[in-house]
Amino acid sequence: MIPGQLWTLKDLFVLPNEYIYWSIQIVMYPFMTGLVAGSFVLSSLYHVFGIKQLKGIASFALVLCFALLPAAMLPLLLHLQNPLRGINVLMTPHFTSAIAAFGVVFSTYFAIVASELWFLYRKHFVEQSLSLKKKPHKTLTERLLYIIFTAFTLGSFDITRQARHKDQKAIKVLATAGIPVALFLHGYAGFIFGSVKANALWMTPLMPVIFIMSAVVSGIALCMLTYIVTMEIRKFLVFLARRKQPQTHVVERRDEIKSVEISVIKMTSRYLLFFLVFAISLELLDLIFRGYTGIASWDALSSVLFGKDFNKVVVLQYGLGNLVPLILLLIPGLTIRRTIVGVTLVLLGVFMMRWNVVIGGQAFSLTLAGYMDYLLPVIPHSWETFKEGVGGALTVLVFPFVLFYFYTKIFPVFASTESP
Amino acid sequence: MTNHVLRPLLVVIGVVIILLVFRYFYVPQDFGIRENGFTYGLYRAGAIEDWKKVTVKYQGSASCKACHQDVFDKMASYPHVIIQCENCHGPALKHPTSPPKLVIDTTRAFCLRCHSKLQYPTSGRAAITGIDPETHNTGFECAKCHDPHRPSVQFLRFSPQDFAKLTYRGNDYCKGCHPNEFDKAGGYPHPHATLQCETCHGPATRHPVNPPTLPINTTRELCLSCHTRLPYSSTTATGIKGVDPLSHNAGVGCVTCHNPHHPALQLLDWTNVRSFGGP
Amino acid sequence: MTDKISRRDFLKKTTIAAAGILVPVAALEILSPARAQALKTDPALRWVFLVDTYKCVGCGLCVKACKLENEVPYNASASRTWVERYVLTKDGGFHADSPKAGRDGFTDPRIDQNASGYLSIKPEEIDKAFFVPKLCNQCDKPPCVQVCPVGATFQSPDGVVLVDRTWCIGCGYCIMACPYGARFFHPVYHTAEKCTFCYHRITKGLKPACVEACPFGARQIGNVKDPNDPVTKVITTERVGVLRPEYGTKPNVFYIGLDREVR
């Protein structure tokens, strides 16, 4: 079986070697790197531009970004026909290929985020290491945590004010340097598609910019959603604590959490809207130009976009994924509930955009006289149908949150314990 | 005391150095930028040698001539001389050492590649003599009659009459597997009992091996070839029952109402007759 | 006071960072223009291919020979070379197919439309119908080589684009980048696969398997650098066409009788 044959249904005149080779994992990859880039930009909005209202979400975003990074690698490893040779991209990078940029950019970005997190949480590592060191009888978990925290201090236990001041400067430098790298991390993914002259849908100079804009949108939306979820969890924990012992004074009060939450959300949603409008404008511009100039591929393209894939493109991506959240977030008096609906729809829209670009670009044949249907494997009955099916996609989606859960044990994300 | 700010950078440099050391051992020594520059010429030089080392399977007709000159001479003035030997005989590899004998593709499908008639204007295909594979001696390999080396009609292995003998087997051949069709049922006479099965079912040839099922000719024309009555009569010239083709349920297949194996009038399928506003 | 120290620290940090970046960069071979010029050879051999679509009858013997010669599994639904059939009808209809890449020839007059089933066309309705064999164009500027992230696919000095099966990671970018659909994943090796002009044969003075197999001489291979080569003579003195010249790939498979409807 030719890889790709299993989930491709050909119709009319399709070349013998054409199949949908780039399937769900290639849809997941730009989606995940988009979340990475977006969450980093959100974090940097506080660290670089000093937007005070975003302080609560800044560390949260950065840790989530760090959890998303390994998860962004996963779709590529699952997709490669020879994943064990994946290191070749770092070993002999052919820089005329956009994918070769992956090795360098990803590593650089990884180093920047890791370094920034280090500076952000150094004080916590030192404090935890020293306090655990004092404990005579440590449990297994505590012993493990002690090793981790001590290792993460990188041998420096200096948390004096001068040292902390240097940390702040370093964070600012890294957060600034990281923004173009984060944009490049996702922009190059757009370049991967936009530079393929053989594909009539992908080929456009706007592709890198469209990808960057929608990446920022998705990153901000995910951060907002995860932030709301964690805030709700905190409120619920307070509620439970109150229920148990109504008289005790709890550190946090529900209404305090709530007011912080809504102000952060209102601020962040303004940035979300800005990038959303930018992203929509570019995508529509691309479509309008194609329709207006009507080159040979337009017939096949339009029959896919507005015929076969009408629901995916017009209804889900542009309608539910762009227009509805735009309206929801613009209406004054933003509530948490409306935000949840809005950002979830935004994430849906961004995902559909990745789907419609990757799968949509392979939905019509090079002959422009044939079509290919993508039959996403749902029930896995082999490794291939798992890794390139719903199973693999869900694994990639869930993995960062599992990582995030473990990260929060080392990098506490709530305002009270982060470094000032 | 080193400035703690540089620690992450030192970690990064450490990782890079480890990667470079790994790279030294992992990447083959002959990997590099070669003749066509960085864009088109970054590769491992050994790869070219790998491709050159692939085994040659097809040896070419010229190499067959050394031992099989006689076949060449036989074919020389006939159209199939243009076909490379190995197209039908398979790749020679190290023949005659290995394989000692080549397997010839004698399937019908193989000859039909060129000889299934396609009347395509502007294509060389239109100029090739061809047949309609659906009707021309179905079930038989072409090579049974046609000599592939000298495909001209003059070298056919069978005359049409001899071939007919091969293809039509006779009722005794059918009885062996299909006895039910032969027994009388309910005392009614069976006029069609003397009819050859193959009149309607076509030549059995090598059925059930090939073809596995026989097509049935259910056209009105076939039935009417015997059952057209004489004017002002109810029988045909040979004295069997007949109908007027123009007035008796024109346009409808006879088998819609008449079971060809038991065609007597009393055994009409009356449900269909009613749908035509029958008697 | 603190600012002055941190500025010095910053400069120190930047210098070390710059040095740190130079280490991996130096590990790559950076060519000076002079060295690049020296490396670039002008070989006396550059392979080109000639297809005569008037002669092709759609027998598919080339596809069969290619699969057997190049160890592409016979029943795999992909082929290094394939034959397309075009049937253009009087009502302006366009019909084309390539059943099993033309491996079994074209014995059925009905057009194989994959999921849309078979389409019967009355012979009297046909304006023109013909067969177009296709294979890798071994482009002068191959987009597939440009996009390979690891240098697994490359252009040999004599112009043939090859894949290093020991190095290919199987990302599929080259398959996406080829405008001609010449590439696919080999079902056994799980690396990118394409026509190599039977490199193992032509480097021994033999012809590619498809050229040998074609009874009608629809396929020919030659050396464009040799002015006496019969293929070169046809390309330079007769009217020939190429597929998708607008992509700037500079393909090296030339067609006689290329119709405007060929995709």
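Think of it as A, B and C in the order they're written, each chain with its own count starting at 1.
Keep this in mind: a contact is a pair of C-beta atoms (placed from the backbone, for glycine too) under 8 Å apart; a residue touches a chain by one contact, two chains touch by 3 or more.
Source: prediction; values computed, not measured.
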item	value
Furthest chain, CA centroid comparison against subunit C	A
Identifier of the chain whose CA centre is least distant from the whole-structure CA centre	C
Distance between chain centroids, defined by C-alpha means - subunit A, subunit B (Å)	54
Whole-Å separation of chain centres (CA-atom averages), subunit A against subunit C	36
Distance from the mean Cα position of subunit C to that of subunit B, given in whole angstrom	31
Residue list for subunit B, restricted to those that touch at least two other chains	3, 5, 9, 12, 19, 23, 31, 38-39, 42
For subunit A, residues that touch 2 or more chains besides their own	91-92, 94, 96, 166
Multi-partner residues of subunit C (each touching 2 or more other chains)	9, 146, 151-152, 167
List of subunit B residues in touch with subunit A within their complex	1, 3-5, 7-9, 11-12, 19, 22-23, 26-27, 31, 38-39, 42
In the complex with subunit B, residue positions of subunit C that touch it	9, 12-13, 16-17, 20, 23-24, 27, 29, 31, 36, 39-41, 43, 53-61, 64-65, 68-71, 87, 104-109, 123, 126-131, 141-142, 145-146, 151-157, 162-167, 196, 199-201, 203-204, 206-207, 209, 212-213, 215-218, 257
Residue ranges of subunit B in contact with subunit C within the complex	3, 5-6, 9, 12-13, 16-17, 19-20, 23, 31-44, 47-48, 50-58, 60-61, 82-84, 86-87, 90-91, 109, 112-114, 116, 118-125, 128, 133
Touching residues on subunit C, where the partner in the complex is subunit A	2, 6, 9-10, 28, 76-79, 82, 84, 94-98, 100-102, 113-116, 143, 146-152, 167-173, 175-185, 187, 190-191, 247-248, 263
Subunit B-touching residues of subunit A, taken from the complex the two chains share	87, 90-92, 94-96, 111, 114-115, 118-119, 122, 154-156, 158, 163, 166-167, 170
